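Before I ask anything, here is the structure I am working with.
Chain naming follows the written order as A, B, C, D, E, F, G, H, I and J, and within any one chain the residues start at number 1.
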């Protein structure tokens, strides 16, 4: 089941602004209603707090293991998205953060959910 | 025929802003003029009202059944678009909502209709 | 329901061999098990009998109306494919004929069915 | 030759703002200089005036016939674009309107012309 | 109307076998039934007879003018294809020749017609 | 774990030859070496035995459930492919059968495995 | 060598604002350092001055000949871009103008240069 | 190892604003953790200072050699990005500069890092 | 002008059969009729004679310089193709050789010419 | 430098014929002439000998390490291809084997080399 403790961080390497995007193309969880697996792409986009203010970045492998912990969890699209947003926001306290989940079609309908924390600049919102 | 009562909603899972996009790639209705079937892609994009204000989200399967209720309805492109916009706005009372219908070509011309409710942020209007 | 009588033919215009391919991208029928609509692309590929032997071609608009007659029919993928193959073979008595149905995914699996009549040359079988 | 009288309109179905885009992929006219045919894609994008103010939409088939009336007309790219803009603006008196013509290459150069009427919102100008 | 006399040929430049393919992406004629324009791509693929046997190739600009002579002709898909095949075969007497016409969709169905003259090697038939 | 008993079959609908292709785009199992999940596309391509000889087809939903039974199984690419080939061959006794597994990249290398049963016609082997 | 005198203009056809884009996909010049040819795509995007103020547009064929005059010129990417910008600005005195040159890769690096004249609206700058 | 001294500059050719983009598609360095090579695309986007203020541009071949100097360096994604940003900023003192590194997937996750110097106009930030 | 003497060869590295394909995407020559430049992609595909029989391969840079020697030559598509075939066949005496030239469109028609020397295996002819 | 000893094999899992394809998208070596890095995609396609005859398959991670051992080797395209073919043939003694190397362009020319061992079935040769 989703395991916040898997997330590890390292100090942000710079005070100069930069933006990090991780695109995890092999996310899978389970639909709590039907018991069938769901598949999607999870994108994490964020600006870390400056290193001088103790800013941190999530370590890539720990992020992968964290996402894998959803593998057998029964959880809806919206809940996955909000859960990841909340966990990453808590772990990193970034300037701002955007989570986008893009799900494979079910019954001819595919869904994209975007959740944010902090003030995401307008040019990133439609990412 | 289009059946508003098929739409079911569930409470928005969060007060933090998020945006939901459902892309229904297998929409079909009937042209009232020629009697031939029309085919298109219907996109619903919206920001639910916050959960603390009683915000709700449309349930995905009920949205699918609602769209299927247009299958044998004779109805023009513009009317489909406005009807779905009005029905979803009434069902969810979201912060804002955008309906885009993207129709397969007829006679060498293909059409895209966008209708909105509430104040859609500019970066979403061209979605 | 599928209506063979809708198919109309016209005399093949030539004795020289030629091959005709019609790709109908907006086919829809209904799954007899779930009642949900199915969507697919139906390809008809055939070589008409020579005009000097009474060869005929199916008229395009009548083919469209024939395909539309499956719209509200509950019928499986394999049955659709065999039915169209049999009806077209009966209507045209072509040299050979290939029907390919290519269905939108359901539950993460998409299907392609190919059925033939007569001796289809090897280079067309994988079309 | 281009025939304004072919354009027919119907009352805008709503007072709520919506935007209509028609993409005509099979436009052809004749180059007045060389006599050779030109081919292009004509896009009409507009917001009708509200129905309560007598707003109207162009009827799709009449728009197709109107575009077909350029088939044997000797006329330059810029003139086609301005002519369609002026005719549609006169016929519909929309809130705003954008005509984009996207021409197949000639001599290794392809051209795109955009002409507007009224105040087109910035997010549409690059459509 | 289609004008055979527009076709001009020049001597094949070599006795060594070679194959020529011309892809005319801007073909248009008129549907004799509806009066609406048809649009398609016409491909000519052939092996000229050897120059030592008087083999010839069709001159490219004359081929273009020949194709343009169908612009206002009311003629069906199959007839266009057979007509071009017959005219080119007569003009060039090539080793073999394949004409493929690939038409824009009408009513959700698009068509591809292939007609041959002589013994087209199997690896070209599905071109 | 992989469960052969999930596979259900139904009688082949016809004696006329036809070919069935199911493309399962959401297959996942677990690498027995690293414990990390693997993701791939599994294609089943086969010609059922004729109905008059007791030929059968695998039922689509049972095939989906069968593939889902590999979800938490630690198993190598080659073993997955051979296992599915053997299970399907045993369940259907088809004329011939091809299993192709196409795996997402690992460490910059992606792999495709093809296993067959019976005499697969040459034009399908490279499918 | 680049020949400004090849550029010819014609009066802008309208006072209503419109934007013209010419995309020349077959530009070639010579690298002054290596003597090897460079290949790129040159895009000209501009808004002509209004016709009532003497606004003009560059004639398409003259623009083609002008670009061809760089064929055997040894000239760097940046210099090509600035030269074309300056020549076109001088010839047309447009409201604003953007030149983009997009070069084929050399040694694994490809380059895009954009130069402007006048106040190019923000939504065009990233064209 | 990364070698700043490889970077050479030449005077900016103009005072008129222009923007230069170099896309290096064959960047490789080494992961300091696993010792395995990393592969990515490095994009440099900048506006040089005006030539009248001593503005300079980086010479393309020297930029290539500089990037090649990372080939056997063990260095993380974020450090590569910041290092290149800092080195180029120091070498050119441009108006503004954006470095984007787009990395091939590792374990199903691919990453994109963007770092800036100076005030990058908003329409470029999402480049 | 085309300069055969630019072609240099090196001994084939092996007796085991192998096939070499060079795709030159930036070929340009001049149309002898109009004086306008032509652009195309030249593909050379061949199997060298075995090294034990004195087989040789064309050196890549010398092939590039050879192709550049057509830059200002007025020469037709068919002649370019036959000329390159003859020159390469003379220089390398390979087992077999295929030259394919794929030209950018002119007046809406694009052309592909293939010329061979020796017995090209069937599966390569349609390359 | 290329290190044959890195290759490890495991027993082929079956006597039934199957075909394995590994596509290594991140190959790099060094040009011995210029000292610049080369980048390409290496495809290994083979049919292992049957397990009852002691057939083996190359282990995927060892294949990756083997390919990485070319990273700083100065070696030509043809030599890379023959070397990998020889090493893999020696390590696995497969029924047949095909190595394809597909190189990023240099100076506008990109190259594809294919080398084989044993009797590769015709339908794979053009893979």
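Keep this in mind: a residue touches a chain if its C-beta (ideal position, glycine included) is under 8 Å from a C-beta of that chain, and two chains touch if they have at least 3 such contacts.
Note that the structure is predicted; figures quoted are calculated from it, not measured.
Shared contact partners of chain B and chain J, listed by label: none present.
Chain B and chain H carry the same sequence, and matching their CA atoms takes a turn of 145 degrees, rounded to a multiple of 5. More C-beta pairs in contact connect the chains of G-I than those of the other pair, out of G-I and G-J.
Separation between the centroids of chain F and chain I, computed from CA atoms only, is 43 Å. Centre-to-centre spacing of chain B and chain E amounts to 46 Å, using the average Cα coordinate of each chain.
Counting partner chains per residue, chain C shows two or more touched chains at residues 25-26, 36, 39, 104-108, 122-123. Inter-chain contacts, as defined above, occur between A-B, A-C, A-F, A-H, B-C, B-D, B-E, C-E, C-F, D-E, D-G, D-I, E-I, F-H, F-J, G-H, G-I, G-J, H-J, I-J. Across the interface of their complex, chain H is touched by residues 25-26, 28, 36-37, 39, 68, 71-72, 104 of chain J. Residue ranges on chain J touching chain F, taken from their complex, read 13-14, 16-26, 57, 60-61, 63-64, 121-124, 127.
On chain F, the positions that touch chain J within their shared complex are 77-79, 81-82, 85, 105-117, 122-123, 125-126.
Interface of chain H with chain F (complex): residues 36, 39, 104-108.
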